[in-house]
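To keep things clear, I will list the structure first and then write my remarks on it.
Naming follows writing order (A, B and C), and every chain is counted from residue 1.
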Amino acid sequence: MELRKENRVLKFFFITVSFVFLGVFLILPLIYIVVTALRDGIMGYLTAVSDEYAIKAALLTVQATIWAVIVNTIFGIAAAWLITKYAFKGKKVLSTFIDLPVTVSPIIAGLIYVLTFGRQSDLYPILDSYGIQIIFAVPGIVLATIFVTFPFISRELIPVLTSQGTDEEEAAALMGAKTFTIFRKITFPHIKWALLYGVVLCTARAMGEFGAVSVLSGHLRGKTNTLPLYIELLYQGYDFTGAFAASSILVVLAIVVLILRLVIEKRGQKELDLNK
Amino acid sequence: MGYVELRDINKHFKKFHASKDINISIEKGKLVALLGPSGSGKTTILRMIAGLENPDSGEILIDGKVVNNTPGSERGIGFVFQNYALFRYMNVYDNIAFGLRVKKIPEDKIKARVTELLTLIDCQGLEKRFPSQLSGGQRQRVAFARALAPNPQILLLDEPFAAIDAKVRSELRTWLREMITKLQITSIFVTHDQDEAIEVADEIIVTNQGKVEQAGTPQELYKNPATPFVAQFIGNSVEVKNYEQFKHFDKQSDDSIAYLRPEFVSIFKKGESVQFASSAEEAIVEDTIFRGSNIEVRARIHGNLISAIRSINDAEIKVGEKVDVFIYRLYVVSGNEVILETNSSLKDEEVVI
Amino acid sequence: MNRHKSVIPGFGISMGITITILSIVVLIPLCSLVVFSAKLSFSEFVYTVTRPRILSGYFVSISTAFIASLVNVVMGIILAWILVRYDFKGKRFIDGIIELPFALPTAVAGISLTHLTTTNGWVGQIFYKLFGIQIAYTRIGITVALIFIGIPFVVRSVQPVLEKIDIQYEEAAFILGADAKTTFTKVIFPEILPAIISGFTLAFARCIGEYGSVVFIAGNTPYETEIAPLLIMSELQEYDYSAATSIALVMLGISIVILSINAIVQASVSKRVNGKI
């Protein structure tokens, strides 16, 4: 009984502290963005978000995000399959390299690409002769976005595939099934929720990337400005309504991501319990 | 020549020597058990036959052909995994049909074959169930049907009863034995349970520390253990170091030890036995265990706690009671040799008669 | 060679895809960093990274990241605790919102936190009028932004461990006569400590490299509120790649040290729990 009573006071205290902490650090900024975005009225908001450059920036963000999701999905599936289904030398090194991008500062990520593809690089003249420009152009932005979200999908898939083991695939292989049949019929059903989850996380991070993209973008309005960069531009030009209006789009997307995350997690968990 | 043969097989997992100079020959149509303690390399042998692992050296032959470089899927084998490895996202029908669909067999033929197998395993009506909705026994039978579907020549089973609770297990043993006998399919299964091996298999291959210790029928292993390991592994053996202190047994060599099985020992109440009155020894009962159909009596003699089985119809023996013990025979292990030693009073009697 | 090791087909194709993409995205760029670094003269490197302005940049980054991560350790434990052990209204909401820093673009968080904490912002004015404390454009502001960024790390690493601790341990401790405090410090805390350390180091490493949310709130006054990533950025804008690379190498070194410490801690813990490896 005594234990219970003590718990109730603590419980109230902890929950209050948590609500205040998250309220100030997470909720208040969201409210502030919405309020500021709307402070010039709904018309002001609509003008700001339908600005030609805002739309172009949004489209570039979408483009970079789609690329990141496609490349990282292909990579994530191949890498997770490779790491969990086979024994080979150098597996640990491979895993380390896959996880490396998220531990590196985004600015350093940008710097690495500048060193690789910039004017001083040995690759530059080769690429230039084919008319390919990477730095301060869209390809650079896409590469930077892929880099900062690189392990997001493989990291979701690996634990699921590890706990599933290799028995089912071995059984199918012994019956003569080929790679894609095994993947499609046996492996994929196990990972579909984890994959979707990874795609959602990858999307969230990709559309919001700022540092790495900032290094690689030429900051050309309408050409190489992504939405976060466009927001920075407006903010530095003291167009706060515009900056927060553009931000509100990303806020809405972030909230959608969070809700999707919860839904997917719940569905995936349910299916997992069913198959235990 | 055997239908399945392993010749001088060696296999390492990194530094672990999992298979050491394995030589095995299995006849067509036989039901063979690979028996050994965990880590003895029995599963590795099974997986190499299946093509799930490749030996470092040596040859694997099936039906006279070397199959080392033949993929597992073309060796004509069916494999039942320890945890069955049923495809969790496919229903029973699709699980059994999988191997046939991979071979691009027309759907109507598949249907006929699956129906036939469902009848064989007595699981009609479960086609639409998913593995998670089946009982342990049903899962095993579905796994069995799935392995049989493409008509393999050899059936390999990895610890087929390990994941099933005790009561269903003995039913399934009988069922599996009947099934395999009926189908006349060469079968090899892995087990660490000697009762299981003895009950189910025609022939047992005993493995220990990566080596094959002995191969033979259950009776042969029981009567003539070829190696010290088999002598102590088969049966509920009790190790006896000072066996020469027992009446009518002589020390064979200085470092020899003996193994004593309950069936080699008789325990009598004082005065109960006339026949062995002179050659029996006295022991004190430390424990009696009711086993349902019989009673195990444990008594201490010359410092060794030995077991014997008594019928429940015999007179009751109490803990602490002084009893007469007669030992018929024991296995003496001296170096790498195993000798079956018989109580010399019995030999004398034979001479007398 | 390896191809024969597994019956599961597809080793070649998955290895091919993995290595190709990994090379383009990570390995080749990393190599060019190594190649470029090798060309740097050592004395120039030392000169660059020991300039007072750069040293102060490292100090600002490390100290604010450290304090922010400590705050997140405390709040992370509390949040994980209430999410695992208590039932209350809004629990699912809290569970979901904790991931916001992962989902919300850092720049958006940055400008919003800045506006909130300036001397006439919603929160900033309270602190300014009551205590005379400025938040935005000071190191406190940087710490605030880093707290925001680091919130999910400790919670998400402690939460699953706490979920796995069987309530029976606590009941056992309770029956043996331990009070709630002893039970927590002696039974629960040692169990979650590795997760706390792992969450802390991940948050710390992330915060040291953080750029987007910090640049707006920092004010970027040399020697005061200039963070190391910003220094790399300004060298890049002046096309001084040598200086940028030098600063970056030191930062990479710091990250490697932090993450290695965590790896060593986790390895020794798993050794203790699981016996030999």
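Just so we're on the same page, contacts are C-beta pairs under 8 Å (C-beta built on N, C-alpha and C of every residue); 3 or more make two chains touch, one makes a residue touch a chain.
The shown structure was predicted, so the numbers you read here are calculated from the model rather than taken from an experiment.
Set side by side, A-C and A-B show the greater C-beta contact count at A-C.
Centroid distances built from C-alpha atoms place B farthest away from chain A. Note: centroid distance chain A to chain B, computed from Cα atoms, is 54 Å. A separation of 16 Å divides the Cα centre of chain A from that of chain C. Counting partner chains per residue, chain B shows two or more touched chains at residues 50-52, 72-73. Counting partner chains per residue, chain A shows two or more touched chains at residues 170, 173-174, 178.
Of all residues in chain C, those touching 2 or more other chains are 5, 7, listed in ascending order.
Only residues 3, 6-7, 11, 14-15, 17-19, 21-22, 24-30, 32-33, 36, 71, 74-75, 78-79, 81-82, 85-89, 94, 97-98, 100-101, 103-108, 110-116, 118, 120-121, 123, 143, 146-147, 150, 166, 169-170, 173-174, 178-179, 182-183, 201, 204-205, 207-211, 214-215, 227-229, 231-232, 235, 240, 243-244, 247, 250-251, 254-255, 257-259, 261-262 of chain A touch chain C when the two sit together in their complex.
Interface residues of chain C, counted against chain B in their complex, comprise 4-5, 7. By the touch criterion given at the top, residues 2, 5-11, 13-15, 17-18, 21-22, 25-30, 32-33, 36, 75, 78-79, 81-82, 86, 88, 90, 92, 94-109, 111-113, 115-116, 122-123, 144, 147-148, 151, 174, 179-180, 205-206, 208-212, 216, 229-230, 232-233, 236, 241, 244-245, 248, 251-252, 255, 259 of chain C touch chain A in their complex. Contacts from chain B toward chain C in the complex involve residues 50-52, 54, 71-73.
Those residues of chain A that touch chain B in the complex are listed here as 167-168, 170-178, 181, 185-186, 189-190, 274-276.
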